[in-house]
Structure formats: structure tokens, C-alpha cells
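Chains here go by letter, A, B, C, D and E, matching the order in which they are written, and residues are numbered from 1 within each.
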Amino acid sequence: MQIARVIGTVVATVKNEALDGRKLLIVQTLDADLQEKGKPMIALDSVGAGVGELVFWCRGKEASFPFKREEIPTDCTIVGIIDSDAHVNNKG
Amino acid sequence: MQIARVIGTVVATVKNEALDGRKLLIVQTLDADLQEKGKPMIALDSVGAGVGELVFWCRGKEASFPFKREEIPTDCTIVGIIDSDAHVNNKG
Amino acid sequence: MQIARVIGTVVATVKNEALDGRKLLIVQTLDADLQEKGKPMIALDSVGAGVGELVFWCRGKEASFPFKREEIPTDCTIVGIIDSDAHVNNKG
Amino acid sequence: MQIARVIGTVVATVKNEALDGRKLLIVQTLDADLQEKGKPMIALDSVGAGVGELVFWCRGKEASFPFKREEIPTDCTIVGIIDSDAHVNNKG
Amino acid sequence: MQIARVIGTVVATVKNEALDGRKLLIVQTLDADLQEKGKPMIALDSVGAGVGELVFWCRGKEASFPFKREEIPTDCTIVGIIDSDAHVNNKG
């Protein structure tokens, strides 16, 4: 899964009906130093994430697993919230 | 999902029969400042998008979910139209 | 789907049996100005494409959809031929 | 599969319930000289890997195969531990 | 599929049980001039490839198709051996 920060929201009145009522967030992928790297993505939220939070998201068909029994056209779903920046222990 | 702008159309007389009658659009992925970034893609449309509109598209097998009960060979489907550039609230 | 030009063929005597008798083409992905960009790929052909033609190809599991009822190990299948360079209308 | 080194752990109290009790590790993909290259990812562990170890991970839906009969939303699963750096024999 | 050269082998005593007894090879993706480009990957072999050979590999879930009736966690499987460098006819 990719580490990202939620950087905003998006308003889309016209969208695939399977996305109706789903929260759409803009996420920015981060590098090892938690700096922005790469293009932002639009993600579905499955855990109640908010703007500013550090999260990780899952891509691919498996991104639709949190929405059981539905075929949601998503390739980017937030599946976890990291407790704080200090909880990314990537320096050993 | 990726944020993109619809930048054109494409004419393909010869194509896989499952694509017959489908609208093919050229989409250009955008960065956080809504500037062009990366290669353009050919997308199927599931929401009635037109040239110039800001959209988001889904990739992978899940890109075929909007076309229920059919196996459409698409890895790039437009699943939503963003109301306007001002509705990408990625500056907090 | 990605826009590409067919730039060659490939000879592979030893290959997975599911690929026997399939036409293998080398495709080069193109940017918005139809210039070469990125690594060439080996594609299966589902539409009768030839060297020099402008095509678009589909990746992922959905790349195997044109070969119904068979599990073809392909992640790159040509699904359409663009009529001519002039039929990529990406300048509005 | 990608060659990577486990560089850390991550704490996420709030996460998709299917991830509860799973070990989350931060992995850094490596190049041919076993130097860091690209963004770190968050991986599920299926083999008992630890920080500092050289591993390889699998992405996509097939990343959920090690967790049989469950639909785990993971696109990054560690599926093997390389015995030592000397066991990557990529110089012939 | 990607064009690559087999550049080595890897020893992994601890790995997902579905990979037991499978040959793991290190492959290096190549560009149009058959020069190295990008990160090496660890691939499963389905055709009997050896170090130094020019091959093409398939990614994604479809990479597990050559291993029928089994759910092998692989996203990179060698599915063909190119007869020789001269058999990549990408100059027209």
C-alpha cells in the first residue's frame, strides 16, 4: 500500500451510480521522508479519514474489497490511518 | 482514481467488437496544480463526459465494472465529472 | 488504453502453450504529439494490426477478455486500430 | 516480484477490519545494486520478515492469495525472504 | 508483455509455500535497443529460461495463468523465450 496524506476533497455531481454517497478525497503520495512525491489521486474512503491525516491506500481490484458484495469502480481506496507522523518508523 | 482533462476524441473503425458503439476519449492526467503530466490515455466514457471537462478515471479490471455483465477490454474508464476546477479543493 | 505504434515483430519458438499460434507484435507507446515515449512492449493482437499502424492497447487481466473462455497470459493486447494520425484529435 | 528491504514498521489504530492483527511493514524497493530506488510502500507480511531483511513482494490482486479464503485489501505482500545479499546473483 | 534479459538467480529459503519448488530468476527489463532500463524484478519461470536469455514476461493476475488450478502469488512470470537478439525486429 502507498503512504499518502489527504490533501483535499472533490465535488463531482455527475459520477458512476456505484459511487453515489461515497466520500471522495484527494490523496498525495509521500516518499520515505514524508515529502510529497508524484501525482495526487482521488481515493474512496473506507475508514473515516479526513484532510491532513496520514493514511495508506490500496490500489487495483483489491481496492474494492472493503465494499463487500458491490462492484465499486475504484482503483484507490484508503484502508488505514497512520496514528501520527512519528508512527512511521522507517529509520530503524 | 486519476484526475484528468478530456483533451480529444479518436476514430477507430477497426476495434474489438466489445468496444463497438462505445465513446472513446483522449484524457490527459493532471498534477496537483491541474497541469498536464504524463502520457495521454484513451478512455471509455461511462458518465457522458465531453472535451474540456475535468474528470477522474479508474484503471484496472475494476474499470470494466460500470459495464455490467459484459467483459469490456478497458483499463481506463471515466467514472466521474468534477464540477469545476474550483471544486478540486486540494489546498486545504 | 495506451496509444502506441506497432514497430516490429518478435520470434519466440519457446513460449507458454496458451500463446501458440498468437501473433506477437512490438508496440511503442506514444505521447500526445505521437512521439515515442517509454519502453516498448510485446503485445498480443486481437484486431489484425500490422507494423507501422497506430493502435491502442489494453493492459491487465482485462487484456485477456478478447480471447473468450481462455486464460491467456497476456497483460498487453491490441484492441483497436486508429484510422490515421489525423484521427487523434487531441488539440480540441 | 520486486526486491526490497524492510526498513520499518507502522502503527495504524484505525484500519480496515480485514487488516486487523496483520503485521504492516515498510519496504523500500531496490535496484540491481541493492540500492534504494523509488517510493517506500506499506506491505503485509506472509512469511515472518523483520526490519533489515532483504525480501521480495508481490503486488496486485495476487498479493491477496497467501491469505486464503479471505478478501484482504492488500496490493503489496511480502512472499519471500532472500537468504542474504550475496544470494542475489545478478552479475552472472 | 515486457522484454527482459535473465540476469541471475536468487536463493530464498523462507517463502510462501505456493512458491516452493518454483524457479526464481532475476530479470532486467530492456528498452528498444535492448539496453537495460528500470529496476530488476524477480520472476517465476514457466518455460525453462536460463541466465543470459532474452525473454518476455507477463505481469498482474494473468501472470498466474500458466500455473493452472493454483493460486500462485506471482505478478511476474516468464512466458516466452525470444529466439535471439536478432529476432527482435523493431526497426521495421
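Operating definition for what follows: a contact is a pair of C-beta atoms (placed from the backbone, for glycine too) under 8 Å apart; a residue touches a chain by one contact, two chains touch by 3 or more.
It should be emphasised that the depicted structure is a prediction, and the values quoted were computed from it without experimental measurement.
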- [ ] List the interface residue numbers of chain D and of chain E, divide the shared ones by all numbers used, and answer same when the ratio is over half, different when under half.
- [x] different
Task: Distance from the mean Cα position of chain D to that of chain B, given in whole angstrom - done: 31
Open item on the list: Just the number, please: Cα centre separation of chain D and chain E in whole Å.
Closed with: 19
Open item on the list: Quick check: what residues of chain D touch more than one other chain, meaning two or more?
Closed with: 59-61, 63
- [ ] Start at chain C, step over to chain E, and keep going round the ring; give me the chains in the order you meet them.
- [x] C, E, D, A, B
Open item on the list: For a test of understanding, state which residues of chain E touch chain C in their complex under the given definition.
Closed with: 1-3, 29-32, 37-38, 46-48, 56, 58-63, 65-66, 68, 77, 79-83, 87-92
- [ ] Provide the residue numbers of chain D that touch chain A in the complex, in ascending order.
- [x] 7-16, 18-19, 24, 26, 28, 36, 39-43, 51-52, 59-61, 63-64, 71-76
